[in-house]
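Note that chain A is present in both complexes that follow, paired respectively with chain B and with chain C.
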Partner chain A sequence: MNPPPVEIALDFRAVAPIAISGIGAMAVLLLEVFLARRKTFLFKPIGPSYVSGVLGLAATFTLVAAITTAAQAFLSGGTAVFNPEHPMVQLDRFAAFGIGVVGVGALLAVWLSIHYLVELRINYGEYYALLLLSTSGMMLMVSAVDLISVFLGLEILSIPIYVLAGFDRRKLDSNESAMKYFLTGSFASGLLLYGMALLYGTTGHTDLAGIRAAFDAGNPLTVGGLGLVIVGFAFKVSSVPFHQWTPDVYEGAPTSVTAYMSVTVKAAAFVTLLRFAAAGFATVPENLTQVLWVLAVATIAVGNITAVVQDNVKRMLAYSSIGHAGFILIGFVAASPEGYSAVLFYLFAYLFMNVGAFGVIVALADRGRDWDRIEDYSGLARTRPGLAAVMTLFMISLAGIPGTVGFVAKFQIFAAAVKAGHVWLTVIAVLGSVISIYYYLRVPVHMYMREPGEVSPRTGMDTTEGLVLLTCVFGVLFFGFFPDGIDRLPLSALSWARDSVALLR
Partner chain B sequence: MIPIEHVIGLSAILFTVGTLGALTRRNLIVILMSIELMLNAVNLAFVGFARAWGDLGGQIMVLMVITVAAAEVAVGLGIVIAMFRNRDSVNIEDVSLLKW
Partner chain C sequence: MLAEYSGVLITLVVALIIAGALLTIHVFVGPKRRFQEKLEPFECGERQIVSPRQRFAVKFYLVAILFVVFDVEALFFYPWGALFGELGWHGYWAMVVFTIPLVVGLLYEWMKGALEW
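Moving on to the complex of A and B:
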């Protein structure tokens, strides 16, 4: 006898951004075959920069479509669950915000890559496919409400990035970057998975709602499982003591990849951790807060102090990104709606200033080499005044000086921490912030107060690179002065972050 | 029927062996194998828990983990080969271009 037919009402709107990015990745991969460098029955061979341009355009369309669907979901304010009977993927405002940040980060990275890949002679079509695939993994992870989809999203985001970090496969430091990221990343996935297994074993559920309902803070196995999950995410966001891979990987990877992963992986991992922390385990703030307090302080201290002695700008930005991870963790310690919305706003702000800083490095890459040593920036204000000016803007924004989006982000975080009673934590964070001004301003000092070196920098800039820098300058200044938008241009990033978090409780 | 404690005990032992291997060994291939061991220990734990709870979620998770582990090891070996071509070595001590 046949079983009765099962009626499943699937809501495909919930997976639209994920599916669009995934399908886009496949389409880009196919397109590259048709744009072959040899003559095929359909196409004449075209130059490598055109191939890169066409594939970049396809990736741009894909990402714009994905961001648009997410924006629609955000504006409608509803919650779409893919399969209501077994919720795994849920597109709500919170997920839509994460998808937006990740999508814009990927879009800027695509634009940065179009010329850079040709410059470095690593102009292969897989690059865009891997980038889109990893973006779809991030989108899956931020909209996941089940351990299975969290894990799947995490791996779909990580595995393509392992490849991207080693994309310049003839270069030893790119190999090394990929190797280190792969080993630490998969080791971290192992720990994360064991934590998930323990959570599943002690609660009997894989969905976050079920885990929360059955969570028993007195059971050491449950708490250990949660601890291992936090360790797994700490690896991904490069929080001390799991940060050692970050500088090596960021320095060795092609700069466009570094720009991509430094903002999007961090955003995706923190947003998912927020869902875990806020939606999953609202009942155990006691020990968890202490652990996060220690993590935040250690991360701020190590990141900001070690960044001081770096002579490579990419490496300095890597340590600075560890420091920023520490600042973001303060929002988790505060564990209030203000803290959580400050985390989201910080990720949004970090997107513009960090992609901008890496964008300047990309725009200077010349004859197959990155201009990433601090001496390369000597006298840049005389040879490339425009680039020097925008680099200075991104540096003061990363340092958190008023008038930039970096200041607004830090202010939100600190205000939330003080309101939650963590005054000492705020004091330490402000001290870390003061240290950071020293190493950020070293770059402008070299650009404006030193004589230019013998090798003159690349002249001219690709249109897409200019577009990225323009977008980032706009983001840093507009959201720095008007974080709540203005009447003519109602881009109210602060209330977006607040609306997203409102749903978590 | 094997009690759940035995299954989880074995899984914990395997996981510890894998973790120690990944942390102490110096050959990239052996490290990869150790990480695989960690993932398989996780699989064992999930299957054990799934049987104990009579819930299918854990077993579905295992299928996902197996699939992902296959993809991961393919990428990992690819990276090892790319490095071996440039350096003629699979020893982790030689991976030391980028420091501090």
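Moving on to the complex of A and C:
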């Protein structure tokens, strides 16, 4: 009478990094409840300020395990599809690269937070659970090959970040940040969903491969759908004109959260957009490239010019992140394998320099507040020479001076754009880059050439914060000088990016 | 191609006619007795002019959220239960994967004291 039971062969390797992060988040959540309750026997020996450390350690293990599985998948080079009969999640090299960037970003953010949460007196363990949950959402999104799993990943990554942005709940700024991000973010989700509905309605497929096959560039609804999807992601990567939320959200959120979301959300959204690009742009009419051209130019111009007048380093870095989103968009305009691999490399480079810059701000936080005004950095070279030197390095890298990873990333992007024939776009981008040198170097000027004013009373540095800064300095210098690795240390980021994109063709 | 959507247009027009009729007919037909309270905007029996910054128990909100969570869970369990035989072990494990995070959430809110009124 009954039909035979459903038998589906599932490949769990495809979801291993996502599942590890998700299970880790739940474990941290339960661990927090048992540790942070004063009545439990575990609380007494470790005390409140160590709860952050224990949970941070648990989150570290989780993320290292997730990154390791992704790295194995990358090195083996194969493609694991979770459900081959109905592909929704697929772990290939491209996804593994995205998972790696997102995972390392989350790991550095966790290390930044361990002391910072105690310093700001917001030492609640839910922080790590939310961070891991959002990381698992990003991992799902970058390995998604179906509209439904893309949207699911986007929501899982966004909702915890709305909460994290308002994590310093006693501060009005932080509340404002969460509210603003929530409202604009849900609006963006709505537009994205509308675009996806149009794509599904006109092509009859929710999987990207099917959409690519049935993509009809002559149908205005299809192109409109793709356009709305681009708008949805443009919100997430804070591209002009969808950037208005960025400065307030980045400034108001706790700095460790800002470091986390500025790097990982951007990476996840751009990597997913690359998959869409490979699915649709191949057949897309010229005018969509023109739309991206305008987006890139507007983003570079507004981001870099507005950053000039900022007096708050966090806010300046927010506008600079808008500018960097513009530089990354150039790779999409180029729409060539070189351009796409340059995008991946840029995201990889941005990870180190931006987390490093925010890491210095975190390392200066004291007595429950950030020392993030530009005057707070006056004379820092005299009081904290090491931190000042490191901050200078990150600023130079963000500006794109040779010898740093920022230069290699920009060079890759510009080279791809010139090769694709977009010379004027490159000229505008280089001009934007020149403007950026002014506001980035304002920070070193204050640190080295001004008398110390009222500086942060912080003297020591937490081990984990030191570890983050060390990692970032290594990343900026090593990949700046040897983007393709050296014999004894085969960290060839450039060829990783190239190998990842090779799959998209 | 747009002809396929003509049904939507017809629905829209019919909806507009019905809604418009409902809103206009009573103006002519219904009896009118005006007094102070009736002329105030309808607000479910609440007083309209109060300070917006009053405090209210956050527990109402919490209970509502918990209700929604487990309501949705039950919603998923019913069709699953009806098709249990056909779904087999695959369906069983899928439901386990669905339930465990919910149990973790329940444990969390229980330990946090969200269930104590």
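Here, the second predicted complex is superposed on the first by the 491 of 505 C-alpha atoms of A that agree within 3 Å, B and C clash if a C-alpha of one lies under 4 Å from a C-alpha of the other, contacts with A are read in each partner's own complex, and residues count from 1 in each chain.
In the analysis below, a contact is a pair of C-beta atoms (placed from the backbone, for glycine too) under 8 Å apart; a residue touches a chain by one contact, two chains touch by 3 or more.
No experiment lies behind these values; they were computed from the predicted model shown.
A.B. asks: Applying the document's definition of touch, where does A:Val423 land relative to chain B and chain C: first, second, both, or neither?
C.D. replies: Neither: A:Val423 stays clear of chain B and chain C.
A.B. asks: Determine, under the contact definition given at the top, whether A:Ala209 touches first (chain B), second (chain C), both, or neither.
C.D. replies: A:Ala209 contacts neither chain B nor chain C.
A.B. asks: Touching A:Ile486, do we find chain B (first), chain C (second), both, or neither?
C.D. replies: A:Ile486 contacts neither chain B nor chain C.
A.B. asks: Between chain B and chain C, whom does A:Phe34 touch in the aligned arrangement: first, second, both, or neither?
C.D. replies: It touches chain C, and chain B stays clear.
A.B. asks: Now for A:Glu176: first (chain B), second (chain C), both, or neither, which partner does it touch?
C.D. replies: first
A.B. asks: Of the partners chain B and chain C, which touch A:Gly190 in the superposed model: first, second, both, neither?
C.D. replies: first
A.B. asks: Does chain B (first) or chain C (second) touch A:Met26, or do both, or does neither?
C.D. replies: After superposing on A, A:Met26 lies in contact with chain C but is clear of chain B.
A.B. asks: Considering only touches as defined above, state whether A:Ile8 meets chain B (first), chain C (second), both or neither.
C.D. replies: A:Ile8: touches chain C, not chain B.
A.B. asks: Show which residues of chain C lie in contact with chain A when the two form their complex.
C.D. replies: That would be residues 85-91, 100-101, 104, 107-108, 111-112 of chain C.
A.B. asks: Using the touch definition from the top, list the residues of chain A that touch chain B in their complex.
C.D. replies: 147-148, 151-152, 155, 159, 162-163, 166, 169-170, 172-173, 175-180, 182-183, 186-187, 189-191, 193-194, 196-198, 200-201, 204-207, 247-248, 251-252, 309
A.B. asks: Give every residue of chain B touching chain A within the complex, in rising order.
C.D. replies: Listed in rising order, the residues are 8, 11, 15, 18-19, 22, 28, 31, 35, 38-39, 41-42, 45-46, 48-49, 52-53, 55, 57-58, 60-61, 64-65, 68, 71-72, 75-76, 78-80, 82-83, 86-87, 95, 97-100.
A.B. asks: What part of chain A is in contact with chain C in the complex they form?
C.D. replies: 2-3, 5-8, 22, 26, 29-30, 33-34, 37
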